[in-house]
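Same chain, two partners: chain A is paired with chain B first, then with chain C.
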Partner chain A sequence: MTSSWYPVASGADLVSRHVFHTALDGQELALWRDDAGLANVWENRCPHRGVRLTIGTNLGTELRCQYHGWRFASGSGQCASIPAHPGFVPSQGLRVKTYPCIERYGLVWTSLGEAEMDIPDLGAAAWRPLRAIFVEAPRATVAAQLPEQGGLALFLQPVSETQTVIHGLSADPSFSPRQHDEALTRLRDRIESAAP
Partner chain B sequence: MISLSGSPLSRETYRIRLLFDLAGLAYEKFDGTELRIEADGERFEDAWRALSRLAPPEWQADGRWFAFARRLASSPTDTALFRELDQHLWFGERASAPFLCGDHPTVADIGCFPEVMMSEQAGLSRMPYPALRRWSDRIRRLPGFAVMPGIFTLPA
Partner chain C sequence: MDQVALDEWHVVAALESLPVGQEVATRLLDTDLTLMRSPGDIVAAWPAASGKALPVCVRYGHVWTSLGMPAKPLFDLPEFAEPDRRNVMAGSVAVHVSPPRAVENFLDLGHFAFVHDGYLGAEPHTEIKPYTVTSDENGVLATGCRAYQPRASLIAEEGFEVEYVYRVPHPYCAILYKSSVLDENRRDVIAIFVQPVEEERIVAHMLASVLDDVSSDDAIRNFQLLIFAQDKPILENQIPKRLPLHPRAEAWAPADAGSAAYRRWLSSRGVRYGTIPA
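What follows is the complex of A and B.
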């Protein structure tokens, strides 16, 4: 069980009425922002038939599963309605599994278990998220090759045993997001071409 | 008058139907699974030529992204193309350009859409391409959006 906070998206990824798809340590996640601005990090699985919620619809206050239209409330994940049984009040146990969610430094952080460590303290600088870079390589392989650079903070999201996302934050206004993107893309290509 | 026949499950037919439905072009449907496009007596052998010739001016794409869509159609599981598309759209989102050629959709978007939406049937997950997933939401919310089996519409 992963017992740390990991970034799994940027806040800007969670646009209105969208369901964002990612994974952490092999656990698929569905992320969505409700119309009041609250971000949800949910297991990507409808408790009814196990269908992925990322093919469902963000209705603003509820997420609707594509398969049978079951609706789940923002915040709790509690099933709010079932179209096939209009008068039925779903039981308290009927809910999507939810994970904790904190937005900090422009990133969305979560933890699959009881987090032993806090989110790193980056001070008061104006951090701007870069484009996340998806790498087809294990976390340890990527970690061994990350550059050290002032004004740049890099975090790794282990997606699966063979895939990692690099989340970058920049506090250096002289460096454009495009320059960072090109550098991180080259890093990704180097890591992937060196992989066995 | 425009007329169209083709398999409801073919990407080529879907591309043409998307253009007609999104751009509001009236057309007649003919039975038959062979792709056949005719406009004012002219028969188009090449669906891509039909796409650019029949698109109204506001749906015309710049050459680079139209050519990209053709490349994607011939290599629908090439992850390098998906990465290029995702990167372009991410920077577009920050430059008031939510579609491939700028602030409004064109035949370049229509050209890429079927391959993007059918990538998962071809074994290619869209999880690594978040900007591409947001773009596909935007396409599905366009007025007149046409569905095909397995592709859903989204409420406005």
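What follows is the complex of A and C.
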């Protein structure tokens, strides 16, 4: 299930100098954008003492862990500095686990394994991301109830075995984002109230 | 259940926190306990399920018990008996973490400038110089540890390079000895006694045994709680919560010599509770 691309955030969630927290199939992720605009999808765990990187600091070119100030470079996740040993050059193997990251249609996509399929080709329409909707239900349950509608593309992020996020894209200017948001919120309420 | 952990003495309360003549519930190694303090500072402890009395000792201002058969008395902390020291029970804080992660954090020098900025460390004073670590069957000892501290204690008015000794005499207890502001030949003693509530839940009981003739007990306690409140969110954001004992489970720097020795010592003693064995 994980060997495919999933949206895990909207590109707009990765605001300057912020670290965004989400999860895919139970794997916690730390997402951040560097000052040059590159988005990173990293395991949410410093390789040194396991502290969540989402409580760290986005320095613009590096992410700094909150515990010991170790810095990790945008792109590679390579450890760039260990403040306890100022002259020390960290070894090449010392890096945060990183995941591939592609921004397309205004969403941030990643894959935990070797993706077998490409990100769906939605053509050249002007797709706008809708507000992500978190649903307290498994992916399969949500997938079975998604509406089919022209100009609307819906993708599911399996957060955990029991939690799913719906990422929507709209290319139909006759529907406002608010209308979509209200419809998806009603869908969420239906699914969650039907849960055992 | 981990027999090594069962056969240890474990802290279950600060004595002064127990009302006389009233049962108090607590939890140790996944087992619900009842504590009862009688006049004369006699404390009884028993599992809520069986009611069978457990061994109890009251030392260093805290109550200790065991669910197994302790082979030895509790470790020595002779400074506690020195007449001119202030012995302050500096707080008991529940933390969602494993016992050995909390001990390892207590031994850690490299986090001072980042977690305790302005108190126990500050940038750019981040370098950790080499220190000496030894261990034997009785525990781990780290000596010659040095750190520049802007405010090393409640009565420190200016920054200075503080020298530390760390001692781990028990799988879930650690003691530090740091330069005293009042007397350069003596040291303040801070201890953390970790109550292993569950494998990933603790109560951290702190003891300050310090040379300080001006501060109130509350002020000494508040300083320790302030420092520990800075550590708590770090501890609760470590993944995994249990301490991995495999030498390559987590990355190392030379500053981590103390925690490396602690992990090896836990492995050699066969401590499993709260760890991910190698």
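A few remarks follow.
To be clear about the criterion, the second predicted complex is superposed on the first by the 195 of 196 C-alpha atoms of A that agree within 3 Å, B and C clash if a C-alpha of one lies under 4 Å from a C-alpha of the other, contacts with A are read in each partner's own complex, and residues count from 1 in each chain.
Just so it is clear, a residue touches a chain if its C-beta (ideal position, glycine included) is under 8 Å from a C-beta of that chain, and two chains touch if they have at least 3 such contacts.
Being a predicted model, the structure only gives us computed values, none of them experimental.
Superposition of the two structures on chain A leaves chain B and chain C fitting side by side, clash-free. Looking at the shared chain after the overlay, A:Gln66 reaches both chain B and chain C. By the touch criterion defined above, A:Leu152 reaches neither chain B nor chain C.
Shared-chain residue A:Leu107: touches no atom of chain B or chain C.
Once chain A of one complex is fitted onto chain A of the other, the partner contacts of A:Ala84 are limited to chain C, with no touch recorded for chain B. Residue contacts after overlaying the shared chain place A:Arg45 against chain C, while chain B stays out of touching range. Within the superposed three-chain model, A:Asp13 lies in touch with chain B and out of touch with chain C [touch as defined at top].
Once the two complexes are laid over each other on the shared chain, residue contacts for A:Val142 go to neither chain B nor chain C. Across the overlaid complexes, the C-alpha centre of chain A sees chain B and chain C at an angle of 60°, to the nearest 10. Superposition on the common chain A brings chain B within a closest Cα-Cα distance of 5 Å of chain C. Once the two complexes are overlaid on chain A, the chain A residues touched by chain B in the first and by chain C in the second are 55, 66.
Put simply, chain A touches chain C in their complex at residues 28, 44-45, 47-52, 55, 66-69, 79, 82-86, 88, 94. Remark: chain C residues 108-111, 113-115, 123, 126-128, 233-234, 237-240, 250-255 touch chain A in the complex.
Across the interface of their complex, chain B is touched by residues 9, 12-13, 15, 17-18, 20-23, 55, 57, 59, 66, 131-132, 134, 159, 163, 177-178, 181, 185 of chain A.
Touching chain A in their complex are the following residues of chain B: 87, 90-91, 93-94, 126-130, 133-134, 137, 152, 154-155.
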